[in-house]
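Report on the following structure.
Each chain carries a letter (A, B and C) given by its place in the written order, and its residues are counted from 1.
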Amino acid sequence: MRARRSTKIIGSVAALAMAAALTACSGDSDTIRIGVKYDQPGLGLDEGGTPVGFDVDVATYIAEHLGYTEDQIEWSEAASANRESFLQQGTVDMILATYSITDERREVVDFAGPYYVAQQDILTAADDTDIESPEDLDGKVLCSASGSRSANNIVDDMGIGAELREAGNYSECLELLSNGTVAAVTTDNTILAGFAAQNPGNYRMTNNPFGEEQYGVGLPKGSTERCEEINEAITQMWDDGSAAQFLEDAFGETDFAYEESTPELAPCA
Amino acid sequence: MEAFLSNIDRVVDGFSWTVRLTLFSAFFSFVLGVVLTAMRVSPVPLLRTLSTVYVEGIRNSPLTLVLLFCGLGLNSAMGLSLADSVAWDVFWWAVIGLSAYTSCFVSESLRAGINTIPVGQVEAARSLGLTFTQNLRLIVIPQALRTVVGPLGSVLIALIKNTTVASVAGLGVQEASRQMKLMFDQGIAPVLPTFVGFAIGFLILTLPTGYFFGWLAKRVAVVR
Amino acid sequence: MSAQAVLFDVPGPKARARNRIYSVLSLLLIASGLAAIYLGFNRTLVMVSSPGDLTNTAIWAVNPSGQWAADRWAPFIDPSTWTNYVLPGLMNTLTAALIASVLAVIFGLVFGIGRLSDHWWIRIPAGAVVEFFRGIPLLMLIFFTMAIPIVMNQVFGLPPAQFQVTALAAVVTGLTLYNGSVLAEVFRAGINAVPKGQTEAAQSIGMTKTQTMWTILIPQAVTSMMPAIVAQLVVLLKDSALGYIIAFPELLRNFTLVATRENNVIPAAIVCAIIYIVINLSLSRLAIWLERRNARRGKPSAKATAAGGAPVAVNGAAATPTGDEAAGAAPSEPRNEPLPDTEERDGRDDDGTDGDGSQKS
């Protein structure tokens, strides 16, 4: 019965494969697992296995306040699509990944902070002096990243007649911008500044921001105690000047006029 | 379902891009596929090599990369623009990418079709003094086409489905799958009816195409 | 027929001269095409206003702001790029492809056999499932799988995000459903192509239908369909690149991470394409080798040729174009063999079309 044996083999391979796919890694109790972005220059960017950037610096500071040294932090990539599931499934203990506090998300996860309030802004080529505000985008081509609403804020909500070119992500947008295929890129000013810092002198931020995005520390539902500890850490971070230092490290080389006052903390649920 | 039906204009708009992408790409990939096949069997060794390298190279790259190369490479980095409005510019680049990719499969089908033609046919043609181009045009291609109607139908169906990749990969054509994703993400309509609606839309395009080519293949089959 | 050898006469002096002219012309064409791409990516094409400018050597120098600048390519010489991005990405691509391959083969066997069932209540649902998943784009399947938690919330009222789909699960599900339904057609065609005598012989010695299927038909069908199965697995591997859209860290996605960090989208895309081409070419060679081995052993390589919705309709008729590679391996075969029988007797298979025409990204 050779055939039957081979189906058995196929079956067991499948079972193994499923098991491999479903096994989640679990961490030790003396470490803290933090999810950050791995693809956002200036905020969280993978540098050979360890992320660097503003979010990462803030996360390290908070972890220290909670009693963890840098060596005790386990980093993992939290993409926009899987942030809620990471917290709910316990894949990570907290998330700092350009994670805006919204009422919808508050239903599923807890937030500490905000540790920074970002705003939407526009990035253009350095030699472009025409675009100073969203209104100047009328008739221009604007890049929007797939799945982001930033460009719709300008075109649909503000009613400005810009043409949209959709790219897969912001680094594709920057490629289009550097080639002159699009006139401007719009999203959170922190994200834009991160890209601008990679290529000093090539891009210009209009520094004419609008709207606001409160970056919070994502926690599993019901972490009120830890939330309060983190809020303490955030207050301390702004008071002792660490926050300003982190911002300077990340965005100092750009013309980004980052926020220098302490954000108003939201109460823990 | 009502929320989906009240947004039917988005659906129709999405599918109109899908159909346009399919029609133009099908035409260009057929033409290019025939040219590639002719090169592949031509007496000029260099043309044969060129065609082989092109077909094997493109056929084995993901379509996403081919389109990325068109969108970010040829369109953006080289600054080649094909239309004034962004929507049509990316549309034409998507057509070029899809044609470049699909023509490889057309060419492979045609070449396989040529290989089914009995040698006697070609030998008879040559003994009558037909040149290579005459042989190809009058004897080989007409017969080969009839034997590969079925496989070409499959290539066309794959093309219809492949147009969805043009929504990503640096181009962002607002075709049907993109509209579906937008409706998912922005909560315009419940997910399940939206998915079913778009799936039906694609089935309306693919199933009849399949049956038509099946019927046609039977009808034009060369009986030897 | 081996096309190259018979389509034209052995070139005489005149034809050789003409071929040389064509060669030179096409060489010129290739050279100018490559030059255009070089200059275009070098961001210098815009500076050329007349053909005479091309003699200016400054135009041909590597432009530091163009795509050929050394620092854009340098990351790919750095071993850490490979160990931190490329290899993990390749691992994820292969993991997803491997899991999906195994599941797709199982799916294909179940539904392929289901479609051959004597019971209409198995045959018709199995057929509907296969036709449905074959008819809609893979990207839609992946998007839908990612959105299943929302469906759970909207349809069954589960709290949002209580139940999550990982990117790997979405990619594997999409690849399994799509390629599985294509493989179902491959298996069905393969089983149909086993000569009738085999079934009759099995029945005459008292085997049950299940025994006949598992011990007689499927082993022969799988052997003869191996090239088509491997070809479909190449498609599956290539399709896994769509995972980058939902941020599954596979090869292409990791290359976009490199591109983000190093600001070199186009060099990264070129290196990435080369890796895919090498992997897929080797897999395609494997399919051809399997096919030749079948031809040598005198086993038929049957072929599923299904034009979308009407797979049976084309069986036998136009379904089995033969490939010259395999034809070379079976030189004794009569060249003028009538076509309609190819499904059963022809020991050859085309290496080009994917049976179902299921090439995808």
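Definition applied: a contact is a pair of C-beta atoms (placed from the backbone, for glycine too) under 8 Å apart; a residue touches a chain by one contact, two chains touch by 3 or more.
Given the structure is predicted, the values throughout are model-derived calculations rather than measurements.
Distances from each chain's CA mean to the overall CA mean are smallest for chain C. With A-B and A-C as the two chain pairs, more C-beta contacts join A-C. Comparing the centres of all chains, each the average of its CA atoms, the largest separation from chain C belongs to A.
With each centre defined as the average position of its C-alpha atoms, the distance from chain B to chain C rounds to 15 Å. Annotation: 38 Å between the Cα-based centres of chain A and chain B. If you average the Cα atoms of chain A and of chain C, the two centres end up 35 Å apart. Residue numbers of chain A whose C-beta contacts span two or more other chains: 146, 168, 172, 175. Shared interface positions of chain B, defined as residues touching 2 or more other chains, are 72, 77, 79, 167-168, 181.
Multi-chain contact residues of chain C (touching two or more other chains) are listed as 244-245, 265-266.
Of all the residues in chain A, the ones that touch chain C in their complex are 1-4, 7, 10-11, 13-14, 17-18, 20-21, 38-39, 41, 45-49, 77, 79-82, 84-85, 88-89, 107-108, 146, 168-172, 174-175, 198-199. Residue ranges on chain C touching chain B, taken from their complex, read 1-4, 6-9, 11, 15, 19, 22-23, 26-27, 30, 37, 40-41, 43, 45-46, 67, 131-132, 134-140, 143-144, 147, 150-151, 154-155, 234, 238-239, 241-242, 244-245, 252, 265-266, 269-270, 272-273, 276-277, 280-281, 284, 305-314, 317-324, 327, 335-336, 338-340, 342, 350-361.
Listed in rising order, the residues of chain B touching chain A in the complex are 72, 75-77, 79, 85-87, 90, 167-172, 174, 181, 185.
The residues of chain A lying in touch with chain B in their complex are 141, 146-147, 163-168, 172, 175-176, 179-181. Of all residues in chain B, only 40-48, 50, 56-57, 59-65, 68-69, 72-74, 77-80, 101, 105, 107-109, 111-120, 122-123, 126, 131-132, 135-136, 140, 146-151, 153-158, 161-165, 167-168, 177, 180-181, 184, 190-192, 195, 198-199, 202-203, 206-211, 213-215, 217-218, 220-224 touch chain C in the complex they form.
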